[in-house]
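As C-alpha cells, here come the structures.
Two complexes, one shared chain (subunit A), two partners (subunit B, subunit C).
For the complex of A and B:
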C-alpha cells in the first residue's frame, strides 16, 4: 500500500477543467427559491465621519424593498474579522491587546467604504436604487492616512482602549522593552566597523483575488443560519458567526463554495456578518450579497503598509554583529490583524541570519485607510524589501559577493528558527543559492554589469527568505480528517481544508491514494462543515503540510483497522501482517491473504449464517480518523535571482528573468509547486514595481479597480525558472515543506537589489516606479 | 463605480447610413453612436453620458472596410477594428506609426472589438490610434443630412471628449494620405504595465531627404486635453540634418510646448521629462538612425 504512484508526480489540478470551462459554481452563481438581495450601503464620500442622522424612510418606500436595516436593527455586538481569538489562548490575546472593534453597521465611519446600513430587496437593482435614497447627515472628522499623523498627541482618538491611536505594540509583559530578539544590540552595535541604516517604505497592496466577495445567507425555518461563502477558514468563520449571532455552532451551517482565489483576502470573516445579519432579518428567505470590485477594494483587507527602519552593523569582514529594526505599520481603520502582522514581520527577520544581537520592534497605528490584514506571506514581503536591500548595501560597501555573504550568514539546521526557541529542523538554502546562481549565471553577470555607462543598464540581484509550514507553535495548529471506506473500497475523505485554487485538494488526494494504495479516481473529498471536524483554515502555508499530515494519519488508522480485521479472520497475529497491492497478507506466508475490498465489503454487508450463527466477516464499516496537531513547522527557505534592465532616460524597468530556487523538502506535486512560485512572483513583482492603493488627501481611494491599480499582465512577466530543491525534512510528513506563502516573498528583495545593481542607487520606497527612478537618477 | 443597474436607453439599429443620419437628425444630441463599445459601454462613461438613444452600427457592414488605394492612401471604414490595422497588408509598410499604435493597443480581445474610428471619436488625449493619425495627417469623413464633409484631423478635436462632429453627423470614414517613398513614421507609448492606457504617447511623420527632414509632423498624447501637434518643435526639424544637438533642441522644445498634468498614470514632472526622450527616440527610429531599441 505504500508504492508511490502519485506523490512526486505532476498531476493537473482536479478542478482546472471545471474552472476553465465555467462550470464551477461560485457563491455569486447561486440561485435559491425565494431569494432576496442585500445591499450593504457604504459611506463613499468620507474616510472619517460620524453619522449624525440616518434617514432610511425614502429607501424603505422604494417598491420591491423588503427591509431596511440601520445599526440598531442588527446585533450591536462587536467583532473582529480576524481569527487570532481562536488561535491563541485568551490570556495571550489579552496580553496582545486584541480588541473587537467592528460593527455590522457603524455610526462612526472610520474609512471610506465603511458599512452604515443595509437594504434587502427583491432584486439587486432595486436594492441599489434604494441605497441611493438613503439620506445621511455626516459630521466630518479629521482624516489620518499615516501612522505619523494619527500618532500626534492632539489627534482624534479612534478607540479609548488604544491611547495615541497605537493599535498595537509588542507588549512589555511578554516582550521587555517592547521588543524581541537576542543579545544586547546597543553594546554589539558599538563594536561594528560599519553601520548601514535606512528607513524603507512598503506599500498597501491588495490581494486582487479574481472572485470579488459574494455570499448567500439563509436563516431557515429550523432556526439554522446557513451561510454560503468562499472563506479560506470555514471552521473559524463558523464559530465566529455562532458567537456573533448567539447561536450554537451546530446551528450555523457554513457551506464552502468554490473559492476564486484567497491570498489572505478571505482569511477570517469578510462580509459574512453583514450578509448573515440581513438574512436574520428576513427568516425563511435566502439573501444574496455581492460586492463590486470597488467595494471589495475599499472595505476588505490588504497588506500592511508602513515604515521599516533597519540598522545593520557589521565587522570589516562582513560579520554581522547587530541588527536593530522597527516596523511601524498602518493598521487602517480597525484592529483586525494589528498584532499578528506586527509580530510576525519580525519573525522572518529574526529567522534569517546569524547576527550577534538582534532587536525587533513592531507597532501598528490606526488610520483612515481601509483595514490592513492578511496577505500571502504575512509580513514577510515587507521584511524582504528592507532586510535584503540593507544586506546588499553592506555587501556593496565591503565589496563582498551578496551570494557568498548570504551563504555564510544565513541560519540553518539547528539554529534558532523564526519562532525563537524552536530550532530549524532542516535547511537547503545553500543548495538553493548554488543552483540558482548557476542557473542565472550570477558570477559572470554580476561582473559584467558592474561597470556600465549606456542608457539601458542591466542588473542582477539576489534575495533569500525563510518561511514556515503552518504556524506551530505560535498559533493553534489543528486539522481533523475522516476517511470512510465504502464497501467497494472507494474512499470519501471528509475534512474542512479549503482549496483556494492552489490545488490543495489534488495534493491531499495524491497523498491519500498513495497511502491507501488505490487510484485517485476512487477518492472523493467532501468539504462539509456539518460533517467535518475542526481545522484552522487554508492559510499560513499549512494545508499540504498539516492537512496532508492529518490525511496520512487517518489513512494509517484505516490500515490499522484493516490489519486488525484480517488478523481475526486469518488467525494470524497483527504484527505478522502487511498491506500490499490492496491485499492484507502474511509476511511469512504470503499465500495467507485477504483483499482490502473483501474486508471493506464484508464489514458493511455483514451477514449471519442462520445455520452456523457465524458471520461472513468482521462487522462494521471502516472509518479512519485523525485529529492532527503537527509537532513542528518544517520551514522552507528559498533563493531568488532577478535580472533587470533599467532605462536610465525613462526610468522603466524590464524584468528579464527570475530564477527561483525553493527548499521544498519533498515536492508532492512539482507542477503545483512551480505554480505557487510563479504566481507568488507575480504578486512580488507588482509590490516591487507597480502596485499601491493610493488615497487622496480626504482619504478617498484613488484606484479602487484594475483600471488604475496595475498588476503585471502576461506580457509583463519575465521568464521564470523554478528549481525545486528536494532535501526531505526529517520531521515533516513525507519530508515535505510549504511553498504557498513563500511565493511573493523573495522576488521582492531580488528585484529591488537587481535595480540597485543596475543603477548604483538603492530605492527605499516600493513600488519602485519609473517616476521615482527618474527622479533619483536626475538627482 | 460599477453598478447592477443597467443604463436605460432605446436601441436604434439603422439599416443604412442614410437611415442612421436620419435618426441622428431626428434625436439631435440624445444619441450615442455605438461602434465597438469599448469606451461607450464602460460603466463610468455611459453613466456620465446617459444617452437616451444608442445607435448601433451593427447592420452597416459596408463600413467594415480598410482599403489601401495606391496614390490616395488608407481608407478606414467606421466599423474597421483596430485588429484590422495589424492584418491589412499595407499598413505596416506604409503607415508604420499607425501599425505600431495598434501593436501595443490593449489586448487581443479589445483590439478585436475596438474600432479605429471610435478611438478618434472618443477624443481622449490618450488615444493611441488618434496620436498616430494626428502625426500621419488625414481627414474624418462626416456624413450629415446635407451630404458629406471632410474635416482635417488637425481641426477635429476641440477639447477633451469634444469633436467637430455635429450631432446629426455620422463619422463614416478616416482618410490617411498616401506616403511618398521618403515618408517615414513611427509611434511609441509609455504605460505602467503593458495593458494600460498611455501615460505618454508620441508619433512622428516626416519626409527624409539628404539634408534632413521635410514637413515633419509630431503628435503627442497625455500632455494636454486632446492629442497635441507640436508645431514649434516640428519647425526645428525642417530641412536640417538630424544630429544629436538637433535632437537635444527638439527634446527641449517639446518639453516647453506641452502642458501635461499629474493623474493616476503619472506625474507632470515625469511626463515633461520623458516627452523629449521618447520624441527623440521615435524620430531616430523613423529616420532609421536609432541606437536605442524601443
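For the complex of A and C:
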C-alpha cells in the first residue's frame, strides 16, 4: 500500500471533464422548485450618507413582488464578514479589537454599493423592476477616500470604538510601541553607511473572480437554513450564519457549489447574510440572489491599498543593519480584515532578510471606499512592491549585484520565520535564484541593458519572496478527514476542504491513492458539510499542506485498523505485519497474508455462527479518521526574474519574459503547481502595471467593469518559464510546501525592478502606468 | 413587455417558446431552456464567459444578443460539443493541458476556440492570443489555455485529414 503511482504526476483535475462539458454546477445554475429571486437594493449615488427615509410602498405594489425588506424587517444583529474571530483565541481577538460593524441592510451608507433593502419577487426581472421603485431620501455625509483624510481630527467618526477612524493598529499590549520586530532600530540605523528611504503606494486591486457572487438560500419546513454558496470557507460561514440568525450550527446547512474563482474574494462571508435574511422572510421558498458584476465590484472586498513607508540602512559592503517600516492601509468602509492584513504585511517583511534590527508598524483606517479584505497573498504583494524595490535601490547605490545581495542576506533554514519565534524548517531560495538567473540569462542581460539610450529600453529585474503553508501558529489550523472503506475496498473520503479550482481535491486524491495503494478511480471525495467535520477553509495556501496532512493521517488510521484485524485473523503480532500490493502480510513469512479487500468485505458482511457464536473475521466497517493540527507551516520561498521593454515615447511596458523558480518542497502535481504560478503572475502583473479600482471625489467607483479596469489579456502576457525546485521539507507531509498564494507575490517586485533597471528610475506608486512613466521621464 | 413566439435551434435541437422581446440569448439559454452551461460573467460583453458559436463558425457574446435575433441561426453551446458521449478534441485538449482551473470561463473559452479554429485551423500562437482577447480567465494566466488551443488545432488537423465535418452545428 505504499507504491508511488500518482504523487508527482501531472494528473488532470478531477472536475476538468464536468467543467469542459458545462456540467459543473455553480450557485447561479441552481433551479429549485418554487424558487424566488432576491434583489439586494444598493445605494449607487452616495459613498457616505444617512438614510432619512426609505419608502418601499411602491416597490411592494409591483405585481410579482412577494416581499420587501427594510433594515427593520431583518435581524439587527451586526456581523463581520471576515473570519478572524474564529481563527484566534478569544483573548487575542479582544486584543486585536476586531469589531462586528456590518448590518444586513443599513441606514448608514458607508460606501457606494452598501445594501439598504431587499426585494423578493417571482422573477429576477420583477425584482429589478421593483428595486427601481424604491424611494430613498439621503442626507449626504462627508466622504473620505484615504487614511490621511479620515484620520484628521475633525473628521466624521465611523465607529465610537475606533477613535480617529483608526480601525486597527498593532496592539500595545502585545507589541510595545505598537510595533514588532527585533533589536533597536534607531541605534542600528545610526550605524548605517547608507540609508534609503521611500514611501510606496500600493493600489486597491480587485480579485475579479469570473463568477460574480451568487447564492441560493432556503429556510425549509424542518426549520433548517440551507445556503448554497461558493464560499472558500464553508465551515466558518456555517457558524457565522448560525450566530447571526441565532440558530444552532446543525440547523444551518451549507452546500458548497462549484467555486468560480476565489483568490480571497470568497474568504469569509460575502452576500450570504443578505441572501439568508431574505430566505428567512419567506420560509419554504428558496431565494436566489445573483449579483451583477458592477455590484460585485463596489460591494465586495478587495486587496488593501495603502502607503508603505520603508527605510533600509546598510553598511558599505551591503550588510543590512536596520529596517524601519510602516504600512498604513485603507480598510474601506468596514472593519473586515483590518487587523489581519495589517499584521501579515509585516510578517512577510520580517520573514525575508537577515537584518540587524527591524521595526514594523501596521495600522488601518476607515474610509468610504468598498471594504478591503482578503486577496491571494494577503499583504505579501504589497510588501513585495516596497521591499524588493528598496533592496534594489541599495544594490544600485552600492554597485552590488541584486541576486548576490539576496543570496547573501535572505533568511533560510533555522532562521526566525515570518512568525517570529518559529524557525524556518527549510529553504531552497539559493537554488531558485541560481536556476532562475541561469534560465533568464541574468548576468549577460543585466550587463547588456546597463546603459541604453534608444526609444525602447530593456531591463531585467529580480524579486524574491517567502510565504507560508497554512497560517499556523498565528491562526487556527485544523482539518478533519474521514476515510470510509467500502466492502469492495473502494473508498469515500469525506472532508470540507474547498477546491477553488486550483485542483486541491485532485491533489488530495493523489495523496490518498498512493497512501492506500489503490487506484484514484476507486476513491470518491465527498464534500458535504453535514457529514464532514471541521476545516478552517481554503485560505493561507493551506489545503494541500494541511488537508494533505489530514488525508495522510486518516489513511494511516485505516492501515492501522487493517493490520490490527489481520493480526487477529492470522494470529500474528501486529509488528510483524506490513501492507503491500493490497495485501496485509507477514514480514517473516509472506505466504501468511490476508487481502485488504477481504478484511473490508468481512468488516461489513459479518455473520455470527449460531452454533459457535463466533464471527467470520472481525466485524465492523473500517473508517479512518483524522483531526489534524499541523505542527508547522513549511514556508515556500521563490525567485522571480522579469525582463521588460519600456517604450520611452509612449510609456508602455511590455513584459517579455518571466522566469519563476519556486521552492515547492515536493510537487504533488507539477502541472497544477505551474498553473498556480502562471495564474498568480497574471494577477501580479496587473497589480504592478494596470490594475486599480479608482474613485471620483464623491467616492463613486469609476471603473467597476472589465472595460475600464484593465486586466492583463492573453496578448499582454509574457512568455513564462516555471522552475519547480524540489527540496523536500523535513517537517512537511511528503515534504510538500504551498504555491497558490505565492503566485501573485514576487512577479510584482521583479517587474518593478526590471522597469527601474530599464529606465534608471524607480516607481514608488503601483500600478506603474504609461502616464506615470512618461511623467517621470519627462520630469 | 411585448413577447414573441420564437424558435431557437440550440445544439441541433429546436426549442419553441414565447420570449419577451428584450430577452437576451444568454437569459433565454439559461432561464428559458435551462441550459446553464453558458455563463454570466459581466452582462456587458466584456468577459466572454457567455460566448456561444453561431452557425458553426462565428462566436458571439450571448449577453449582447437578443434571443429574437438568434432565431433561425444554429447556436452551439459547450453542451453541444460532446458527440455520443465522446468529448470534442478541444475539450480533451483543455482537460489534458491543465487549461481549466475554476472552470467558469471554460465554456466560453471552448466556444471561442471552436470559432478560432473554424476560421483558421492552424493559427499561430500570436493569432491564438489575439483570438482569445475577448475572453477573460483570472486563474491560468492563459499559458495553458494557449497550449490547449495549439493542441486542439493539431488534434483537429489530424482528424480532419481522416474525415471531414463541421463544428458543432
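To be clear about the criterion, the second predicted complex is superposed on the first by the 775 of 779 C-alpha atoms of A that agree within 3 Å, B and C clash if a C-alpha of one lies under 4 Å from a C-alpha of the other, contacts with A are read in each partner's own complex, and residues count from 1 in each chain.
The working rule: a contact is a pair of C-beta atoms (placed from the backbone, for glycine too) under 8 Å apart; a residue touches a chain by one contact, two chains touch by 3 or more.
Given the structure is predicted, the values throughout are model-derived calculations rather than measurements.
Q: After lining up the shared chain so the two structures overlap, which partner does A:292 touch, if you call subunit B first and subunit C second: first, second, both or neither?
A: both
Q: Identify which of subunit B and subunit C touches the larger number of residues of subunit A.
A: C
Q: Which partner does A:770 reach: the first (subunit B), the second (subunit C), both, or neither?
A: First partner only, subunit B.
Q: With the two complexes superposed on chain A, say which partner A:583 touches: subunit B (first), subunit C (second), both, or neither.
A: A:583 sits against neither subunit B nor subunit C.
Q: Now for A:426: first (subunit B), second (subunit C), both, or neither, which partner does it touch?
A: Neither: A:426 stays clear of subunit B and subunit C.
Q: Once the shared chain is lined up, is A:479 touching subunit B (first), subunit C (second), both, or neither of them?
A: So A:479 meets neither subunit B nor subunit C here.
Q: State whether A:20 touches subunit B only (first), subunit C only (second), both chains, or neither.
A: After superposing on A, A:20 lies in contact with subunit C but is clear of subunit B.
Q: Looking at A:738 after the superposition, I want to know if it touches subunit B, subunit C, both of them or none. Which is it: first, second, both, neither?
A: Neither subunit B nor subunit C is touched by A:738.
Q: Using the touch definition from the top, say if A:715 reaches subunit B (first), subunit C (second), both or neither.
A: Touch status of A:715: both partners.
Q: Show which residues of subunit A both subunit B and subunit C reach, each in its own complex.
A: Residues 124, 292-293, 705, 711-713, 715, which sit in both footprints.
Q: In the complex, go through subunit C and note every residue touching subunit A.
A: Within the complex, subunit C contacts subunit A at residues 30-31, 34, 36-44, 46-47, 49, 77-79, 81-82, 87, 91, 94-96, 98, 100-107, 110, 128-130, 132-133, 136-146.
Q: Applying the document's contact rule, which stretches of subunit A touch subunit C when the two form their complex?
A: Of all residues in subunit A, those touching subunit C are 10, 12-13, 15-26, 28-29, 31, 124, 207-212, 258-263, 290, 292-293, 500-503, 671-672, 674-675, 678-683, 705-707, 711-715, 717, 720.
Q: Touching residues of subunit B toward subunit A in the complex: what are they?
A: 1-6, 107, 190, 192-196, 264-267, 269-270, 273-274, 277-278, 292
Q: Name, in rising order, each residue of subunit A that touches subunit B in their complex.
A: My answer: residues 44, 124-125, 128-129, 292-294, 455-456, 649-652, 690, 694, 702-703, 705, 708, 710-713, 715-716, 769-771, 774-775, 778.
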